[in-house]
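Each structure below is given as structure tokens.
Shared chain: chain A. Partners: chain B in the first complex, chain C in the second.
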Partner chain A sequence: MTPFYTWIADLAQRGWLPGDFQYPFLIRGFLSVLVLAPILGGLSHLVVTRRMAFFSAALGQAALTGVAIGLLLGEPLNSPYGGMFGFCLLATLAMVYVKRRATLPPDTLIGVFHALTLGLGLCLLVLLTRQFNVHQVESVLFGSLLTVTDGDLLLLVVVGIVVGGLLVREYNHLLLDSLNRPLASVAGARSIYLEYFFAVLLTLSIVVSLKIIGALLVEALVVVPAAAARNVASSTRSYLVWSIAVAFFAGAGGLAVSTKFLVPTGGAVVLAVSTIFFVTLAVRTMRRRSVM
Partner chain B sequence: MSVYPAATGPVLVQPLSAQAELLILVRAAMAIVAGVFIYVATTVGGGASPSERNLMPFQKLIADRPSDEQRLFRELQEGLLEAEGMRSTENAWPTTSALADAGIPPFATDPTRRRAYDWRLNQNGTLVNYLGIPKDGDGPAWLIVVLEPEPGVPPDQPFEDQEHHRLLNGAMLHVATWVHPTGRAVADRIVRMPQTEGWIQLYAVGPASPRSPSAAQP
Partner chain C sequence: MSGDTPLVEIDSLTIRRHREALLDRVSIRIARGALHAIVGPNGAGKSTLLAALLGHIPFDGRIALHWSGAGTIGYVPQTFPIDPTLPVTVADFLALTRQRRPVCFGINANARAKTAALLGRVGLTGLESRPLAVLSGGELRRVLLAHALDPEPELLILDEPGSGLDEASAQWLEDTLRDLRQARRLTIVLVSHDTDRVRRLADRVTSLDRHVVAEGPPDEVFA
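Entry: the complex of A and B
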């Protein structure tokens, strides 16, 4: 990747690109946003339609615990992917199963998992601070472009392609199942399979976005883009397109703010996406008034 | 009026039993655990040392750097200790010319050194930078970042290590040594977060603290 970074840096020095692009970490960050926007934007409107916002929050906390487990297993500080993927996938399967079979309301059950994984993660992190400088775990909590490596970018691209391909293959069934489960079943969709399938896709996407957005804030980027898109979209297709566009502009805007003001990337991305949400809300309100 | 196709009729939708669903989940969970076990077994312990595994992408061990850089790093550590001593006694950070006059490397002129540097002291509140830019514009630039404690704020850790030095008055400093591979790209100004400007943080032994805080209490 070094010749590519050198070429981009050269373009930045000639003034054809913003000056900040002379740093490889920022190029990696921008490429990450380019990959993340279609994944998270594409999943976002299904997350909202399937009412899985709280589930996404619980997954973020589970990822934090996964990081801690990975580090305790001896994985590298900068890429504890075994712990993250392993724990998050297990937590996902458990959450979906319990949600499907228990008689308690789903948000109550997810709340239990949320609290459990957070408590476990905190205890493990306290253990970890005896082995690591605690500042180094901050990047996992809040996201940091500086910790993204070429390996992370490659993983993001691979997972992006896999998630994108699977999502496209099952999109119609997923959408129908989200809107009307009995109708989807009659149309041949396997609801149980789709529920686990979507949860696993969401888990994979959240885990690969952690280093950029952070464990505590990742749910914002799988919920707010769809919420913003819903304010301006007029059809299912435009809902999807707006979700992706909002995720991209929030990611790129957050990246710029994070670099300019030296604040955590996750926080900057969330501020950007929230700003876009309120702008779309204002647009929607104005449109309604003009119709009336 | 439209006519329904002949295939239209009742569809039997049979959900999985709880037992069958659980069985599938247990198998999936076992596959996940096995996958993680294989991944961890093949990645942990292979290649990188424990110190290297704890490094972030913008951090390097000095042992892996060229010998020129190793020498300058060592001199910078000695020079920093001297500067900290002067800071303790004179209540102000010594200028680079004062350090050079006292013959303290790398601030003092050394004819045996391959590359000459312009050293500057930049200070803004509690943030102190000793910045070295190569005179010929070629080669790496060097930076020592020292963060003094804000008055009345307790230190974030009570024991000394390569990133935490204690002054004679008891104040704990946060110190870090950085190198920039392209010296000519470095501007003469205070740097607050060097990692965002292409600097590489250098460690002697890796950032993991070798002692637990409880064991290190005086």
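Entry: the complex of A and C
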């Protein structure tokens, strides 16, 4: 990647790109945002339609526990993907399995898992402080551009292609299943399969996004872009386009703010996406008033 | 398949929830090409029967479907709750099962033509770009019926299709069902509370109250 970074830095020095692009970590950060926006923005509109916002929050907490497990098992501090993915996948499968069988409302059950994984994560993090300075895992909690490597970026691209490809294959069934399950079933969609399928794709995407956005804040990027998009979209197509656009501008804006003011990337991205949400809400309110 | 063989044979269908029998040894034959109405009070198990027929819930007993063609089922659910902010248009919804390409990438020309034709068939020409969430109850029923009619079903299942409709929409639905039966030899299972309409439309009626209370031609069942 070095010749690529050198070329970009050269363009920045000539003034063709913003000066910040002289630094490889910022180029990596921007490329990460470019890949993350379609993944999380695209998933976001299905997450909201399928009412899985709380599920995503629980997955973020599970990732925190997964990091702790990975580090305790000896994974490198910079890439505890095994623990993260392993535990998140386990939590996902358990949540979907129990949700499908229990008679309690889904949000109550997910609340139980949420509390369980968070409690376990906190206990394990305290154990971890005997081996690491807890600030060393801060990047996973809140996201940090400084720790994103070329390997992380490559993983993000590969997962993005896989998730995108699989999502395209099942998109229509997923949307119909979200609208009306019996109708989807008559049309040949397998509800059980779709529920596990989407939950696993969401898990994969969240895990690879964590180093940039952080475990505690990743839920924001899988919920708020679609929430903002709903305020302005008029069809399924524009819903997707707006979700991706919001995720991209929030990512790029958050990146710029975190570089300028030296604050965690995740926090800055969440602030940016929340700001966009309120702007779109205002647009929706104004449109409604002009119609009345 | 012989013309005498019923399209649907339900034998000793029993469905329990928490040890309570929602349906108890229900047996029904639905003749090919007939409009068979299922009537009964609230909680009689009408929707449960449909759910079993559609394979959505486990049951004891036997349900046999003797298809003569592709075995396509058209289904109009009793309820279709929609989030009022969901930006899914009528065309998006109808295209979901009429093209392989994800509808979020746009609707292809073939699906667009099919959607327009279907909407024309249910008297909603030009409504393609309207969000599902802003449709009236009657319009939504028509869209769901349009969805159920393509691909051409061998069995059309309608769960309380007239509920919440004004008189004009309910009359339109009655006329449409009559036309559908005349134009094609469609087998229709209709769950309804509206005994007057059932009396006018149905060939046979099953009165249900967790078990079969009566079965026969409408005049006998409602006598």
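In this section, the second predicted complex is superposed on the first by the 292 of 292 C-alpha atoms of A that agree within 3 Å, B and C clash if a C-alpha of one lies under 4 Å from a C-alpha of the other, contacts with A are read in each partner's own complex, and residues count from 1 in each chain.
Assume a residue touches a chain if its C-beta (ideal position, glycine included) is under 8 Å from a C-beta of that chain, and two chains touch if they have at least 3 such contacts.
None of these values were measured; they are calculated from a predicted model.
Chemist: Where does A:Y171 make contact in the superposed view: on chain B (first), on chain C (second), on both, or on neither?
Modeler: In the superposition, A:Y171 contacts chain C only.
Chemist: Per the contact definition in the header, classify A:L73: touching chain B only (first), chain C only (second), both, or neither.
Modeler: first
Chemist: In the overlaid three-chain picture, which partner chain does A:V186 touch, first (chain B) or second (chain C), both, or neither?
Modeler: both
Chemist: Output check: A:L240 vs chain B and chain C. Expected answer is one of first, second, both, neither. What do you get?
Modeler: Only chain C; A:L240 stays clear of chain B.
Chemist: Which partner chains sit in contact with A:G83 here, chain B, chain C, both or neither? Use first/second/both/neither.
Modeler: First partner only.
Chemist: Which chain, chain B or chain C, ends up touching more residues of chain A in the combined arrangement?
Modeler: B
Chemist: In the overlaid three-chain picture, which partner chain does A:T259 touch, first (chain B) or second (chain C), both, or neither?
Modeler: Once the two structures are laid over each other on A, A:T259 reaches chain B alone.
Chemist: Quick one: is A:W16 in contact with chain B, with chain C, with both, or with neither? Answer first, second, both or neither.
Modeler: Neither partner.
Chemist: Touch check for A:W7: first (chain B), second (chain C), both, or neither?
Modeler: After superposing on A, A:W7 lies clear of both chain B and chain C.
Chemist: Counting only touches as set out at the top, which of chain B and chain C does A:R230 meet: first, second, both, neither?
Modeler: second
Chemist: Could you tell me which stretches of chain A are touched by chain B in one complex and by chain C in the other?
Modeler: 182, 185-186
Chemist: Can you check the complex and tell me which residues of chain A touch chain C?
Modeler: For this pair, the touching residues of chain A are 45, 49, 167-168, 171-172, 175-176, 179-180, 182-183, 185-187, 229-231, 233-240.
Chemist: Quick check: in the complex, which residue numbers of chain B touch chain A?
Modeler: Of all residues in chain B, those touching chain A are 11, 13, 15-16, 18, 21-22, 25, 28-29, 32-33, 35-36, 39-40, 43-45, 48, 53-58, 163, 185, 192-193, 195-198, 207-209, 212-213.
Chemist: Mind pulling up the chain A residues that touch chain B in the complex?
Modeler: 22-23, 25, 70, 73-78, 81-83, 85-86, 89-90, 93, 97, 100-101, 130-133, 136, 139, 146-149, 182, 185-186, 191-192, 259, 262
Chemist: Can you name the residues of chain C that touch chain A in the complex?
Modeler: That would be residues 51, 54-56, 73-75, 77, 80, 82-83, 85-89, 91-93, 96-97, 99-100, 102-106, 129, 131-132, 144, 147 of chain C.
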